[in-house]
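Here is the structure we will look at.
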């Protein structure tokens, strides 16, 4: 079975401002906030009036030490710029900080409920954060032309066990034990936007107990 | 096909499934010459030769009752093998109409459909179903329309909504998959759903297929063949149940290869649906053991050569790695090197 | 599409609903009902005269769940190449016509959270079928219907029965026009806009929506304009080995069909791309009138949409 090189795997690109949009809604987690700062500075120079129609929801990076160590494109603002007070200085329509993903996503959903056509969504941060945000965006008929996402930070995955249908969070290895049924799962690149997770299939079904080498691959 | 149903055949546990000589001869061999590679290979789903699997829109054969019973078993254990997103209801009715009208027209000895305005009366003799209902009113049926009718049809069904220049996998009944999961894939676009297929994307197969399907017309269905192999005549080779069938792959020996290993051919039909403008994908599954295949001399040679020369990526993707060589060896006595006539039909 | 796929119908009723628009009811010659269809579909009506064949697309305006007949509305076109005049002047109750199976290039998006429908003149026809589907659903919608004057508001009583206050009328003659900016600037996320009417109206809706940040995937339009006329020219069909003369008021597609060569088509209006044909040689200029090819593709001069495009050339060779 194909494990890698699967076309359903999401493809991310560095976030760029979409000046074709009228309203901008941005979600960032941790090191992803650097990407948001990049986009906001682009808007500031290309379409400064757009900042007054831009709303930003952030989860600041919790541990500054690790933040400093993560690689960031050289043209980007320095990581230290991605601090809430710098966002506040931009004259945004709204800026809110959250300490955890579920609260940010709750606010996100209620903002989408009142949002208008012409909105562009930007999401930056770990893939699992992006996936959960996209899951909500799907309910509002936002499509790929209206959403931009950049993966920054850990590429740890959410894995859907195809056997018992439980989702195991924060998976960094190629093989993982299902959090519910305990099966050893091979983590494939086949991705479901609806579930915001990658497929996990029992790795030792044909030869029970024989596990390939477990490696940390999603860092 | 003058079907005498074999209602007690099983596709699990004791695997009593087997093909009659008539079923063997009408088997849709997917190899038209000694080498196999992907292609779009679509042709009009027009009525084919009498007695063939493509004589009618939906083929009902000797395994009909047994397959429907097998489907019930899968669904009882795993209801999520049937899914339909809320906006697909008009497509569900389209599918029900298409399947009921076809079966009643083509197999009048087994099925009948009488309509008086929206009051429909459907009789399915082989399954003992007698249902009066109002077309368009889901509450008049014991289950949703797509669920109701696909429990009375052989093969899997996937319904795709057409919008934004793409096709979206948004309803289906999938109990005989070749290693893919409707539950995981529901909501995916055509190319995302086919993501795990190797090589074909690079060859542009799915780009062309999608473009073609977006322009599929009412009244002009198309079909194509796909194939894989399976150990034991197991229809439900789903990822969900991989722990059940995966180990079978290690059980093939030189002695049992002829009986254990089966060629599994999917006759895929694609229809544009009238009210929903959606596309229905029927995936009808035919199984034949290597031994049954070898009773037709041309097929024994053809299949051996096609398997021998199969691209390694395809060997892996189709799950044949553990036993392909064993099967090639098992068929060796039947292959004297003589040429095979073009086309799939027996000589 | 091949000729074998047509259905024979008989005209059972004709009504002049406005000074320019006639309403036709078509029943099947064989069988009791027409094939089921989805709102937004059109049929191509084949009209045969001793000298030429017209194939014009018309939207189905009848309710998709009432299949005893199909209903279409035909506007008499001023500079007509003949198709609409044929329908208005030569078709009577009892006339038999051939039609192709319905094709839908203008469907409602099934996961939209709201639909905004904009119709100009005869462009109301596809929306009438849509209204039947919307009537039963729970997705909010608005219909904005612009016509020259009150006597041109075709089918209004019938529309009001379905829409109630969700339709807003605009009468040119009374100085009323649609405020596209106002309309498109305050729609909730997940709204789709659909426009059917004159080219100018379609362009304005699309441009306004884009200015307000709508992505193209949420802007839907349908236009049945007659293929533009032009100078006569000759074309050589390489595979059929024949030269075809294209008259000024006949499209390239029609001229090729008149010689018995079939070209696949769906919309006949330069939108769907289905009739795209390879140009093997051209000595002169290709006049691209379609909305399908990109500018880059048009510049390559190796492909053409015969349904609406023409040429001004010494020679043109097509792969047909």
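Order of writing sets the labels: A, B and C. Residues in every chain begin at 1.
Following the convention adopted for this analysis, a contact is a pair of C-beta atoms (placed from the backbone, for glycine too) under 8 Å apart; a residue touches a chain by one contact, two chains touch by 3 or more.
Since we're looking at a predicted model, the values are computed, not measured.
With centres defined by CA atoms alone, the chain at the far end from chain C is A.
Inter-chain contacts peak for the pair A-B, counting C-beta pairs in contact. Relative to the centroid of every protein C-alpha atom shown, the closest chain centre, again from C-alpha atoms, is found for B. Between the Cα centres of chain A and chain B there is a gap of 38 Å. Chain C has its Cα centroid 43 Å from the Cα centroid of chain A.
Counting partners per residue, chain A has 143 as the residues that reach two or more other chains.
The set of chain C residues touching two or more other chains comprises 109, 111, 217.
Chain B has residues 164 in contact with two or more other chains. Only residues 80, 164, 179, 181, 183-188, 191-198, 201, 239-240, 242-243, 246-247, 249-250, 316-317, 319, 322 of chain B touch chain A when the two sit together in their complex. Listing the residues of chain C that touch chain B in their complex gives 1, 5, 35-38, 40-41, 64-65, 101-104, 107, 109-111, 217, 266, 272, 274. Across the complex, chain A meets chain C through its residues 20-23, 112, 114-120, 140-143, 145-146. The touching residues of chain C, when paired with chain A in their complex, are 109, 111-113, 184-191, 209-210, 212-218.
Within the complex formed with chain C, the residues of chain B that make contact are 87-88, 94, 97, 136, 161-165, 215, 217-220, 274-277.
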